[in-house]
Each structure stands twice: as structure tokens, then as C-alpha cells.
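Look for subunit A in each of the two complexes below; its partner is subunit B in the first and subunit C in the second.
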Partner chain A sequence: MNSDLMFFILAGVILVFSVLTVTTRRILRAAVYLLFVLISTAGLYFMLNYNFLAAVQLTVYAGGIVVLIIFSILLTSHISERAVVANWKQSLLSALAIVAGATLTLISVFRFSFTASPEPAAPSGVKDIGAALISYGENGYALPFEVVSILLLAAMIGAIIVARKEKIKVDEKDLK
Partner chain B sequence: MAFEKYDFTPLTQSIHQGLLENVSPLMTMIIEWTIIGLLYLVFVAVFGLFLVYAERKVCAAFQQRLGPMRVGPWGLLQTIADFIKLLMKELIQPKSVDSFLYNLAPFVVIIVPFLTISVLPFAPGLQSLDFDIGVFFVTAVSSVGVIGVLLAGWASNNKYSLIGGMRSGAQIVSYELSVGMSLITMIILAGTMQISEIVELQRNGWFIFKGHIPAVIAFFVFVIAGTAETNRGPFDLAEAESELTAGFHTEYSGIKFAFFFLAEYINLFIVSAMAVTVFLGGWMPFHVGGWDGFNAIMDLIPGLVWFFAKVLGIIFLIMWFKWTFPRLRIDQILTLEWKYLLPINLFNILLMAFIVLMGWHW
Partner chain C sequence: MTGTIPLQFFLVISTLMFFIGVFGFLTRRNLITMLMSIELILNSVNINFVAFNKYLFPQHLSGHFFSLIIIAVAAAEAAVAIAIIINIYRNFKSIDVDKVDEMKY
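On to the complex of A and B.
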């Protein structure tokens, strides 16, 4: 009963702030509402006793991505800026897209019969996850793990190249 | 073990049993949550005020002054008087701030230390949350704190606040990496992230002694990066008074300013407590192998006293930094992190992994 109550509180927070994220006209507020959504999702994982995923959600999304978004907003926009209100054509089209997307999701959710699996849940302790990440046997994730790390390395090198400033050599004759 | 008699588990168990017999399980849970919440609130308020007093006294000692002496014996009541003054001050909100974010920021900043403090083991049996991801939980939660600082800087709509917030944000995000990596080094040694197990493993020797050179390096890196993460001197250029007035909390007054102030000191406590728990044995007493008489005497001192003695020692060390070293420039801060601490840390992790692999660590 208690976990049901917690679920409804968290789900309500997620719903309300998801809508607020896309409807607010102030961009930094949108980022903060998104933060609330992500933290509530971490709360759902904690409720399911999947602590590792919850902590990853907090570090990667709340502590990483939202901080990155806030940083870029701080560098580029001013506090008095407001998003432009969409005209009626855009509003109509986006409303149609929302209705279509929601219908599709609802149809697929209601047509799928959710049956509880008789198998015991996979272990979700840190040690099990760590062992699965580096094992290459059954249920091992060694290959995806390495592929992702190469992708991250490439992204990191790319970012350094972009951010690096070449020292401009100034000829002393030009100064005169 | 003699010090097991100071275990708090029987006390908490008897409270739990007593409540279960008298009221419904739901009420038991609510009452226990309320008690724990109140305990943490009182602890944070009292210990925060004590740290402010300690800082002023330590600062005074370094500058050959007496520090606060007028209110109460040795000025002990000075910070309480200051706190009452802060509570009664008017809450001024500038006209053109983003009202929602401006008011949200102090709460984000103060909630994070409360979440982090919940996994700290103060004494045997005195820890409210014991996850299998303990250390990771601390780093995950504390990574949210920087958002409060950034929001405060931006929502104030003031260039000093914005620059202060940006500096502070860049600094915290950078040094988070070093804090996390030095903790990873110790997790390799411990083989677990659960905080109670980490403390238990240090029963026959603190990790700083068991882990040989890499543990010592990791300890130094952790203390330096922890000082930077709490925005304290010599890394306090986010609130460099001479250039930025007060940095990101310039526009805050009264109790909202007090939140930022209190959060800074509680973060100082948390960094020291994490250093003590991971490197210096938590509440475990100091033992020397073979000296049985000495060890028996050390066992007589309760775990709570050991914990706070070690924590206050580290806090004194960090205060010593503040009043000794001159403030760093922003480029020096970033150079220190990215060109020195990070490579040292990466090498250190390899070294620790090698030592653990060869089995030289016990």
C-alpha cells in the first residue's frame, strides 16, 4: 500500500513537470522542470529496489546532462528572454502529432497482455551488474561496453579538437 | 571486542519493537521517520553553527587574535546570536529576479547535504541508510548540488552572481571527477561500495595503512578535491569578496542566505566524514599491531567519539588550508585539476588495481 502511494506521488510529479517542461516560455525553468522529472524517475528506481540504476540516473541525467544544459543556457541566453508563442498552424499540427502519438502508445499498451514471469528476477546488485558488464559469455555485455567506450573516446577527442585554440603566430612586422 | 558495548543497535531495535507493540506498522514508520528527520535537522543546525564558531576561532588563532569572546564564555554563544539575527532579518527579493528559481535555489543547495548525510555511519548501529551502492550514492547525490549554485547565480539577474555561479559550477564539475576517482581507487581496495562493509573491513587496519602508497595518494587527492568541491579557500574564488562581492549568493538575505552558509559548512563536514569513513576507518579505534594493552585502552573510547575526533581533525586540516594558502586564479584551479590531479588519479587507479591483483593489500 505504501509503495502504491509513493508510486502515485512520483507518477504525478513526473506527469505534471513533463507537461510544464514543454509549456513554459522560460528556457531555464524548462531545464529545472526536466530535472524534477529525471529525479522522480530515479525515485521510481529506488522504489523498485534497483539502487544502482537509480544512482546512475542521478549521476548521468541530473548531475551530468541537466548541468550541461544549464551551463549552455547560462552562457547563451539572458534572463529576460521568452520563447516565441507558436502560431495557430504550428499549434494545430503539434496537437495532431500529440493525439496520434498518445493513441498509438495507448493502443499498444492496452493490447499487450502483461503476465508476471514465473522466473525469479535477475539479480540487480552492484557486483552482478559489474560482472555482467565485463563477461563475454551468456548474458555478458563486454562487446557493447567496449563499443560504447570507443564511441565516448572518439567524442572526447573530437570535443578537445574543437575546443583547442591554436596559438596564432603574430609576425612582429605586422604589428608595426 | 570491547567497543561493541557502545553499539547503538539495541537502542534502535528497542525503540522499533516498542513502537510496533503499541501502534500500527504505518504509524511506526511515520514516527521513526519523524524522529530520524528531527535528529538530522538538529544535528545539522547545531553542528553547522559549531563549525562557524570553530572557523572563526581557528582563523583568529592563525592571525594571532582571540576571535569572538564577548557573547557567552569564550564567545561560544556568538554564532547562536548571529543565527537569531539572521532569522529576524528581512527577506529582500530584488525586483527583476526569476522569482521561482530564485526561491528554489537555496532549497536545492540545502537538501543535497541532508541526502548525503543519511548514509554516513556515525557509530556502530548509527546509520540510517545502508545501500549496496553507498559510496556511489554519495557521489551521485552530491552531483546535484551544483545545480542550486548555478540557479542562484542565474536567477539573481546580477553579473557578479552570474560570474560567481559560473566559476563555482565549473570548479565543482571539474573536481567532482577527482573526488569520484579517488573513491574508486579505494573501492578497488575494498571490493565493495557498501559503507558498513567498508568500515567493517578496516577493523584490523585503516585503509590508508592497508592500501600502501596508492591509498595515501588517493587520500591527498581526495582532501584537495574535496576542499575545492566545497568552494573553500584557497579555492574560494567563486565568492572572491574583492572582485565579486559575495558571488552567487550576493542577492540573498536572511534565512535564504543562511541556507547557503549552512550548506557550505555541512558540505565541509560531509567531505571530512567521507574521508574518515573511506580512508581512516570510520568509527574504528586506532590500533597498533601487537600492542595489546594499548589497543585495549583505545577500545574503551566509544565509536562516536572516534568518529567525531577524526572528522574534526580533517576539518581542522581543511581550515588550515584556507587560512594559509593564497587564493588561486581560475586558470590555476583548472590546470591543477585537469593537468595534475586527473592524470595522477588515473595512474593511481592502475597502481591500486595492480596491487590488489597481486594480493599485496592485506
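On to the complex of A and C.
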């Protein structure tokens, strides 16, 4: 009962702040609402007993990405700047499209009967996850782990190159 | 731990969150808020993976690791996107998609 109540609180927070994230006119507030959504999602992961995933969600998403977004907001716009919204026709059409899409998805979700598996849950402590990430046998995830490490490294180098300021070229003659 | 919450409740949350993100992506005109909508979408997909993993295949950890990798990809995507946005701001002095149209033609 307690866990049920917690689920509904988290669900309510997620939905309310998701809507606020995409509708508020102030960009900085949208970033803070996004932070609340991500933290509540970490709460859902805690409820499902995936503690390591919840910790990663908190550090990478709530700690890393939101801070990155807030920094870039401060670099590119004024704090009190109001976002430009789409005209009402476009908003109406988008709202119709997403209502149709959500209805379709929800209908198919409720028509399918999911049967929960009675098997015992696999251990998901930090030690088990670490062992699975470096093992390459059955239930090992060494390859995706290495691939995503290289992707992250390449993306970081690419981001530095793209965001770097172009150096003003100075002729060597001028220096002499 | 999950109590009496059925799997469908998680799917409903992630569906609604996904379509709210799509709505934001369609109506926003600022590149950073569009990026935030994409983060919402990625996050809703993560909830789906984790819930399916917990309810339908609790003996494996595949969905859990898939979510971990999606989080890493989202971090890489956010870093590159923000680098591009800052570069666009330097060149155009604005990050409104309506004003950034120099490569359009």
C-alpha cells in the first residue's frame, strides 16, 4: 500500500512537470522542471529495485545533462527571456496528433494481457552489474560497454572541436 | 517491492511522457527546449525498458543494461547538440529555428 502510494505520487510529479517542461515560456524554468521529471524517474527505478540504474540516472541525467543544459541556456539567452511559441494553428494540430497517437498506444497497451513472470529476480547489486559489464560469456555485456565507451569518447572530442572558438590567424610577419 | 502496481501503469506513464515530449518537439521554436523534449522522449523509453525487464524477464538484466547504454548515448547526444547550438549562436546570434535558415537553400 505504501509503495502504491509512492508510485502514484511519482507518476503525478512526472506527468505534471513533463507538461510544464514543454509548455512554460521561461527556458530556465523548463530546465528545472525537466530536472524534477528526471529525479522522479530515478525514484521509479528505486521502486523497481534497480538501485544502480537509479544512481546513474541521478548522476548522469540530473547531475550532468541538466547542468549542461542550464549552462548552455545561460550562454545563449537572457535569464528572463520568454520563449517564442508556435502559432495556435500549429499547436492545435500537434495536440491533435499527440492525442491520437497516445490514444492508439494506450488502447493497444490495455488490450494486450501481460503476464508477469514468476521467476525470481536476477541479483542487481553493483557487484553483479560490474561483473556482467566486463564478462563476455552468457549474460555478459562487455561488447556494448566498450562500444558505448568509444561512442562517448568520440562524442566528447567532437563536441570540443565543434564548440571551440576559431583562432584569429596572425601572420608571422606581423609578429616579427 | 513493486507491490500491486500492474505493468500497464508504467506503460501509461511512459506513453504519456513520450507524447508530451513529441508535443514539445513540434511546438517549441528554441533549439535548447527542443533538446529538452528529446530528453523527455529518451527518458520515457528508458522507463519502458526497465519496467518490461522487471515484470516480464526478471531473471535477466537486458533491459537494465539497455537503459544504462541509452543514458550514455543521451549524454553524448546532449554534449554534441549543445556544442552545435553554441556554434550556431555564435554565427547567428540566435537559437530560434525560424531564424537559423542560412543552409536552407
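Assume the second predicted complex is superposed on the first by the 159 of 176 C-alpha atoms of A that agree within 3 Å, B and C clash if a C-alpha of one lies under 4 Å from a C-alpha of the other, contacts with A are read in each partner's own complex, and residues count from 1 in each chain.
Here is the rule we go by: contacts are C-beta pairs under 8 Å (C-beta built on N, C-alpha and C of every residue); 3 or more make two chains touch, one makes a residue touch a chain.
The structure presented is a predicted model; accordingly, all values stated were derived computationally and were not measured.
In the superposition on chain A, A:A121 makes contact with subunit C only, not with subunit B. When the two complexes are superposed, the chain touching more residues of subunit A, out of subunit B and subunit C, is C. In the superposed model, A:G64 makes contact with both subunit B and subunit C.
Look at A:A55: by the touch rule set out above, it reaches subunit B but stays clear of subunit C. When the two complexes are superposed on chain A, the residues of subunit A that touch both subunit B and subunit C are 2, 56, 64, 71, 73, 75. Partner subunit A is touched in their complex by these residues of subunit B: 26, 29, 96-98, 100-101, 104, 131-133, 136-137, 139-141, 143-144, 146-147, 150-151, 153-155, 157, 162, 165-166, 169, 173, 176, 193. The part of subunit A that touches subunit B in the complex is made up of residues 2, 26, 28-29, 32, 35, 39, 51-52, 55-56, 58-59, 62-64, 66-67, 70-71, 73-75, 79-80, 125-126.
Listing the residues of subunit C that touch subunit A in their complex gives 1-13, 15-24, 26-30, 32-33, 35-37, 39-40, 43, 46-47, 50-51, 54-61, 64-65, 67-69, 71-80, 82-87, 89-90, 95-96, 98.
Residues of subunit A that touch subunit C in their complex: 1-4, 7, 11, 14-15, 18-19, 21-23, 27, 30-31, 34, 37-38, 41, 44-45, 47-50, 53, 56-57, 60-61, 64-65, 68-69, 71-73, 75-77, 83-86, 90-91, 94-95, 97-99, 101-102, 105-106, 109-110, 114-117, 119-122, 124, 128-129, 132-133, 139, 141, 144, 148, 151-152, 154-156, 158-160, 162-163, 165.
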